[in-house]
Amino acid sequence: MQLKNNYENVRKRSMQICAPLKTEDYVVQPVVDVSPPKWHLGHTTWFFETFLLKPYYPGYTEFDPDYNFVFNSYYESVGTRVIRTDRGNLSRPAVEDIMQYREYVDTAMQGFLDTPLSPEIKALVVLGLNHEEQHQELLYTDIKYILGHNPLMPAYDKQKSDHGALVAPASFIEMAAGIYQIGYDGTGFCFDNELGRHSVYLQQYEICTQLVSNREYLDFMEAGGYADFRHWHAEGWDWVKNNQVKAPLYWHFADGQWMQYTWQGLQPVVADAPVCHISYYEAAAYAAWKGMRLPTEFEWEAAAPALAWGQRWEWTESAYLPYPGFTKAPGAIGEYNGKFMVSQMVLRGGSEVTPPDHSRITYRNFFHPGLRWQFTGIRLAR
Amino acid sequence: MQLKNNYENVRKRSMQICAPLKTEDYVVQPVVDVSPPKWHLGHTTWFFETFLLKPYYPGYTEFDPDYNFVFNSYYESVGTRVIRTDRGNLSRPAVEDIMQYREYVDTAMQGFLDTPLSPEIKALVVLGLNHEEQHQELLYTDIKYILGHNPLMPAYDKQKSDHGALVAPASFIEMAAGIYQIGYDGTGFCFDNELGRHSVYLQQYEICTQLVSNREYLDFMEAGGYADFRHWHAEGWDWVKNNQVKAPLYWHFADGQWMQYTWQGLQPVVADAPVCHISYYEAAAYAAWKGMRLPTEFEWEAAAPALAWGQRWEWTESAYLPYPGFTKAPGAIGEYNGKFMVSQMVLRGGSEVTPPDHSRITYRNFFHPGLRWQFTGIRLAR
Amino acid sequence: MQLKNNYENVRKRSMQICAPLKTEDYVVQPVVDVSPPKWHLGHTTWFFETFLLKPYYPGYTEFDPDYNFVFNSYYESVGTRVIRTDRGNLSRPAVEDIMQYREYVDTAMQGFLDTPLSPEIKALVVLGLNHEEQHQELLYTDIKYILGHNPLMPAYDKQKSDHGALVAPASFIEMAAGIYQIGYDGTGFCFDNELGRHSVYLQQYEICTQLVSNREYLDFMEAGGYADFRHWHAEGWDWVKNNQVKAPLYWHFADGQWMQYTWQGLQPVVADAPVCHISYYEAAAYAAWKGMRLPTEFEWEAAAPALAWGQRWEWTESAYLPYPGFTKAPGAIGEYNGKFMVSQMVLRGGSEVTPPDHSRITYRNFFHPGLRWQFTGIRLAR
Amino acid sequence: MQLKNNYENVRKRSMQICAPLKTEDYVVQPVVDVSPPKWHLGHTTWFFETFLLKPYYPGYTEFDPDYNFVFNSYYESVGTRVIRTDRGNLSRPAVEDIMQYREYVDTAMQGFLDTPLSPEIKALVVLGLNHEEQHQELLYTDIKYILGHNPLMPAYDKQKSDHGALVAPASFIEMAAGIYQIGYDGTGFCFDNELGRHSVYLQQYEICTQLVSNREYLDFMEAGGYADFRHWHAEGWDWVKNNQVKAPLYWHFADGQWMQYTWQGLQPVVADAPVCHISYYEAAAYAAWKGMRLPTEFEWEAAAPALAWGQRWEWTESAYLPYPGFTKAPGAIGEYNGKFMVSQMVLRGGSEVTPPDHSRITYRNFFHPGLRWQFTGIRLAR
């Protein structure tokens, strides 16, 4: 019953996120990393159809066999993918077709959830809901990218703020050296990459209670931070020069002041809001300029109860690698996390567009160091 | 009155071409050369607003100042362009906004056409209508590309054939050496690139009365034409290898036979239809394989009264260059044709999706030699 | 005897051109179009070995079977090529190996030329010598590129000028409308692309007796010629912007004046020398700015006896296309010219680094419109 | 005295490595990561001139001011770099010029080393020698790449084996969970990235005493390892497909057997030699196929005394990140290591072309996961 309610709520929330869109906004893919909203709506539905209804719900009839081809994302075991860069060329299936697909699958799922289910099946449903919640955050960030890169810069919602809770006065807390326990050991849902709770020895360190604010980041910009290679990784410096980066994503200097594209359209930058849409390179350069560093993911997790977090995904100084004893689940589900464990950095925390209850202290988010269309920010350590 | 009728008819025809589309089909741009249908609808409207209503219709209020930025194509004098590769990322203005834009401009134009107009203004209106007719052909070819590259391969119109009139028995007609007059000298509309009627001396030649058929082209394919560099220009051979070209565009070999994406979806290739969606490289290689060549644009024009033409744009062996005495009109209108006179080949004739009365014997179409999403075909000469 | 002397002289001249080089200069390929000098020396030798010694000189033993693979340029019939962009990675065969290869083949050729030879064979020898002379011009232009793009900008020869004969006072000569005969009809050597002497009807035109000077071109630059799209082809304008072109190749603005890399190193631009290292786009934009145009290749050929020419290859307004009746020779030799007849513009005249007696009024040189490492210049017509 | 001897020996060794080369081999750069040998010889010399002679040796006259521009590698503080991809275009300075540069600097250094030096200066000299030893390994690997990618596949030294010591029978040793000390704490030289000896908690693990052999790797290949995405990281799988990887670098299947380019030219693969020229992706995929994993760099260091190592650089499952308390030295020397600490994986051990005494248990080598022109291999853990 609880599961059925959860299913309904999560599925409804995806539709609510898309409510302000016009049909055309569902279709475009301005850069490779940004998927069309209609693809997210189809892909999350395809997950339930492919991994639950088709194998486990007797008598279920597939909505359309072509959809497996269109909505598979990276599950190599489930057939040929539409390669990712082509998603923005797919005018069909139309948005209304995908809405029907969602309704069709939801109706079947409601029936399926009324039947007796094994714990393994229930766990798969929960995984599907968490998967959809991950895509809800991507819906927000991809919609922001689509609208924020349109020359008309239309508002998404004139009432919705995206500057996040303001940054309170900051202090550094000291953490003693010693062995800490890292990884999930609760009884609720978690992803496989959080499992394998294990001991990590940390040296003594200090970590800031607050995120870096726009005001502080502007100090870095005005001190010439983007023009001095000494603060940057070699790869980050190339990134700055190749992309002519001079400010966080969505910032525009107009009429003598810094403006920022937000859910409400172009607005002045709010000085005390936590800086947002920052790459790992920028986060590391800012920390170097301050004579400090970013925390490791283990330092973050050990100190988390004492930190103000949840407004921004916080870049850590940890690469995304398996925990001791990590093993991939067999089959397509096993492709979920392990295959990405190279060349990415871990982010901890959560953001203002993370679905409620979708983050936790052990949650490991990860992205390539040059990406910044997520709601990413900076916390300092030393 | 005639002009007002023409205006209404031409503008209506653009809408009719788009009638079978879903909203999503208006938005996508699968490759650089293919523009989203909604862009064509906006751009042709922008032409009337920019070159007629704004300068010459007192009291006219611009629909939306941002549209100049969005719908300018290549007119460098009229402001910063949206670069062409970004057109497919523009979810806004939405299709309904563009429909309102069309109605708004059409209403103003109807009023404007009721006022007394100078011959220069009337000529500009006629140019705008011919411009829109050019985009009507592009609407057809771009829509075909968008639907034909969708994995669902939806039909555009189940009743509409696109194999063209079948090829009749062919013969070669002989043309005597001598001086021929080339270029437009009528009193109707023509483009500036057709003007400057002038003498050209042609050697004796023969030209085929019919286009090459699918059956004939299949002979070339089955004889290994795509695998033998001797038939190809060096640049064409690189094109074949880099793009792994093995057949005309839209051809698919399935279940033991050659199929072709058409307005009706995937259909068997019709042997006696004129071969279509052929690059200049392919046309030249086919001719070389036959021991013949393509006609020059002058040979084509001199012989045209005796040829069956109008089903396919026919690649000629002429590069697109100015006629003697060609001069660009001053201002933005002068950018219409002259600026493209390098690295392109001339096509003559017209196709089944060319608007009625939009072609004539002196009409000079032009494309880069590797492009083939237009309805292009082959005629032989020797 | 004459042929044997010619052979010796032409072959010696290639070595003389390379005499000022260091071993390292023979090896590098800074851009795709520039070949390493050692490759030219090997390739021209390979021509004689492949097309004469191996098929026609009984008892000849190939120098090294691997060399066919390394020194073939674009002759697809003679085996797998080393693709062109890889030429600069070939440290072996070493320069000394190639010198031995040249001596080995020259010795054999001397013997071969002492035997009785059919006219066809003799014609092939002459073709080989003309082929080597073409590569002698490329040796000069490629060496200039290699040294002129080295940060040390070393001189090639401190005594050698490359500003060409100075431009004399210019006038326009008028040519009457009528039929002119175009193409080679002498008894000496010519390339296949010059053959097929034929009638061409020309309208009345005027053509300048002199080339455009650096001083005149500087006027264009100072009038903002590189910043005003109206003078440029659309493709040329993209070329200017993508490559940030602001002056001819090898020009550098330093210490308040325009300098030019020459055979003697960096030198001030000589105002009265004919402008050099100009792309077709620049030539056409300059002519447009002057309110004139470039001559067609036919206009050039018809007027040539009255022009001062031979200092610069002169861009014409003609695309490189076959003359009426052009047919490719069978086999690899047939690949010489015809396969390049698309997307290139014709240049007429000859330059200060063209081998003596290697040009003539009917000679058709050709390059892509954006290339300018050859000694290219501008002549106006109207 | 000791330092002067070391200087002489290290400098001589670089020359010995290059002894078998022809002048041309010094010049080419077939891919971005491979530098021309002459560049290595100049760059290592520039290090001593720039960081020691110019600042600290009174009266020293710079050899040539242009060389700073040419031989700087990535030290952004020391002036504008020659960007890395252009190194292969530099025919000048010639090899003989660089040899003179080396002699000039060596003579000055011998004089300098006879003067009384502070410990900081001595440490800089030692750093310069270790820097040159790093480039000695690169000289070997770059020379192998240059010769091994030449179509003639010339031998470097017909007497020199590069299959490494054969693999002995393997076993797994068990390491207990607990705190281990990681990082350098000796009194000799080490790089800054090894400093900051610190505690790391390791879970219980087993590690193999031997490297993976060619025979074992062939089992993986023959089992279809390169064709089954399940063994690969997503990024690794893209790498396999984009580069059509089917075997380790330098392997060629010819006449029914696997051959390998070696110092002696093309030779049959030696089954019991440790597999070599493997990317991280391949190492990880092999381990996954075996149901095991790669060790972390900490596991490797903790177990190293009991392992057979030194034949191959061994990929670990650790990203290259700073040790706790790592700080960059001020100035250009500080750019040595820290700026590369993103997107690279750590390798431990050393290879048959690592200079004698240049590796140690705490040495941290690092490369991007797709690179394999180093002598890289695989060790398993579980």
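Labels A, B, C and D are assigned to the chains in the order they are written; within every chain, residues are numbered from 1.
By our rule, a residue touches a chain if its C-beta (ideal position, glycine included) is under 8 Å from a C-beta of that chain, and two chains touch if they have at least 3 such contacts.
Listed by chain with UniProt protein names: A, B, C, D = Ergothioneine biosynthesis protein EgtB.
Here the structure is a predicted model, which is why all the values come from computation and not from measurement.
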{"item": "Chain labels contacting chain A and also chain D", "value": "none"}
{"item": "Type of chain B:chain C copy interface by residue overlap (half), same or different", "value": "same"}
{"item": "Separation of mean Cα positions, chain C and chain A [Å, integer]", "value": "57"}
{"item": "Centre-to-centre distance between chain C and chain B (centres being mean Cα positions), rounded to whole Å", "value": "36"}
{"item": "Length of the line joining the C-alpha centres of chain C and chain D, rounded to whole Å", "value": "45"}
{"item": "Residues of chain B touching at least two other chains", "value": "none"}
{"item": "Chain-to-chain touches, reported pairwise for every pair that qualifies", "value": "A-B, A-D, B-C, C-D"}
{"item": "In the complex with chain C, residue positions of chain D that touch it", "value": "22-30, 38, 66, 69-70, 82, 86, 88-95, 146-147, 149-152, 154"}
{"item": "Contact set on chain B toward chain C in their complex", "value": "74, 76-77, 177, 179, 198-201, 203, 205, 229-230, 232-237, 280-281, 284, 293, 317-319, 321-322, 324-325, 334-335, 339-343, 345, 369"}
